[in-house]
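Here it is: the structure, laid out below.
Going by the order they are written in, the chains are A, B and C; count residues from 1 in each one.
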């Protein structure tokens, strides 16, 4: 392994638009490794869009267009994630994402966590359980659910569901974790737990989160990026 | 990745086959009906009467039968459907409109042949008594029954398009003190005319395409109908009756002319409703 | 004053329309139910044959609707067996793989196929049978297989549309779950989208079954006959309930036969009502699922 780079993600001259509506204009920004970067700004200015650019999740939107390059340091070197040689599935396994609303699948808690492993073709049952336990522990959910792993994931509370989604993203040991307003649908108590969790993950991966809550950004983030008129203002 | 492409091909093949069936249905009719066009009888057929004993196989009476029964059915059905849709989505309150909605949805599942069966033994005698002449199997009976049959299509379409009128418009009208009827007349109906038109066209298509009601109720006479109390034969019923009688003759070939007319009618209606729908989508954005 | 008058009359008209419609449907169906209720018994199905003998195919049933019921069941089963894989596959293609251009062109064709009078599908089946009769083998004539194929074509567009809509209506947050975890397009469809859209697809299939069971126009051109007994092979002619009802209404020999017609109408109505209720229940469960389930 080569030495860790200073910057995990390098965005160069990025333009992004939905149909006529230009969201990002000539955006150039570096995102530091093993740190929490928060993207802030008023809604509708392309914050969530910026996140989906890092795992190419915007590509199924028919009218969306992109120009420029995004490089992410994966498996020891910076790679252009929009290059043809870059596998979409592999990219998304190394760059996890958690959404605004918790989206557990209609299956048991255990199966939800196993799901990404199954997708990646890892079907060795003996390795599943330790992986699930590690992920749930990382997401601070293990103690609450260890006796009910076979229950429907949708029976959990909203905050627990969101931590389940974090665990599900963590089970693949991603290098980057994208969080799209992860606490916006939760109450204050659940938000605090999630914030603690985010801070504890800082040593394991590079986190980019979107938030509209300035106080939260102050509490959690190492660095803030403000999007304004499609460009970035460092905070 | 390779399996993915293979699966995509297979799925595409299924879709392609379904498209091919649509084209094949038309192609078969054109090929089998072609001898008519080359024989020069194609256009005469639309204007002349059906006199098989004299070797004249005109389908003009059937065109007239289809047009009169289908349009009359729509005329009967539109006001009732409009009333029901208004009751369901705007004017009604309490449990009855909801029940009506459920009944209308259930009506879409009632077999046409059961409607026809009930019509023969209940409606036809009533019409016969009321008219005081004939057998009761006539354009009027068929149109009345067909009106009931196509009502759910219209009601469901109407009430859906009423329901898709933006809430803000309704709130604006309410804030200005509009009564429910005023909301309906001045906001809901003007805003959903596209849905209303599509619904009527769709119902007309169903009325033109229906075979059983006309076959069972309309009397199937091949003479040009003179009034709504006379029996008539529709294009669809004509296809059903002649096939049952004969195999490979000029008589049989005229069926494909009937088929082509019906197919083209459907295509025009589908394109029309799709256009309206597309324009409507655009407006919403 | 004028406003109040308009208000009153429009409201009255709406209620009147509701009443007229309800009265017609309840009148028509109630008439069949009341007249035919008395004929509902095992005798309706099996006539003078012992039910057990008929069910075990030991003896033929001549004066009951058993052969027609079996004919309809076989026919519907075959038609759905043919239409379901093609319809669902095409629906998945339309929702998940087709480009917008293909979607609109193919969609136009499916709308036309859904819109053309069913008698034309029957005429097509008849012409195909005739074509094969002349060109391939004179053993081929309108038969059970041709009917089933034609019915399959008839319900194909419904299956495609319901599958396509069920998939397209899945909210975006369900749609992105699996890709964000590294799933390929195929994995997303198999593990997430199809299971979530299942109830919509299944209720579409059930409605198609109802459509096959009630259709008369297609089968009357493609091989159904008034008396055939039980279908002996795919290439034989057969009896079916809706056609039985149609023939009775056109010509019945005696009161007993007419009563069998009423009985058959009630049976068919009950079957369709059952299928309809089933489809509605399943779809409602889908709504619950999407509403409470994934929030």
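The rule is simple: a contact is a pair of C-beta atoms (placed from the backbone, for glycine too) under 8 Å apart; a residue touches a chain by one contact, two chains touch by 3 or more.
None of these values were measured; they are calculated from a predicted model.
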Chain-level touch network, classified as line, ring, star, complete or other: line
Taking each chain's C-alpha mean as its centre, the one farthest from chain C: A
Averaged-CA centre spacing for the pair chain C and chain B, given as whole angstrom: 18
Inter-chain centre distance, chain A versus chain C - centres from mean C-alpha coordinates, in Å: 47
Distance from the mean Cα position of chain B to that of chain A, given in whole angstrom: 53
Multi-chain contact sites of chain C, meaning residues that touch two or more partners: 184
Per-residue overlap in chain A, given as positions that touch at least 2 other chains: none
Touching residues on chain A, where the partner in the complex is chain C: 55, 57, 60, 62, 88-93, 96-97, 99-101, 103-106, 115-116, 118-120, 154, 168-169, 172
Chain A-facing residues of chain C, complex: 100, 173-184, 187, 191-192, 195-196, 289, 292-295
Chain C residues touching chain B - in the complex, by the definition given at the top: 3, 6-7, 10-11, 13-18, 20-22, 24-25, 27-29, 31-32, 35, 85-87, 89-90, 92-94, 97-98, 106-113, 115-124, 126-128, 130-131, 153, 156-157, 160, 184-186, 207, 210, 213-214, 216-217, 220-221, 242, 245-246, 248-250, 261-262, 265, 268-269, 272-273, 275-276, 280
Contact set on chain B toward chain C in their complex: 1, 3-4, 7-8, 10-12, 14-15, 17-19, 21-25, 28-29, 32, 79-84, 86-87, 91-92, 96-97, 100, 103-123, 148, 151, 155, 179-182, 184-185, 205, 208-212, 215-216, 236, 239-240, 243-244, 247-248, 255-256, 259, 262-263, 266-267, 269-271, 274
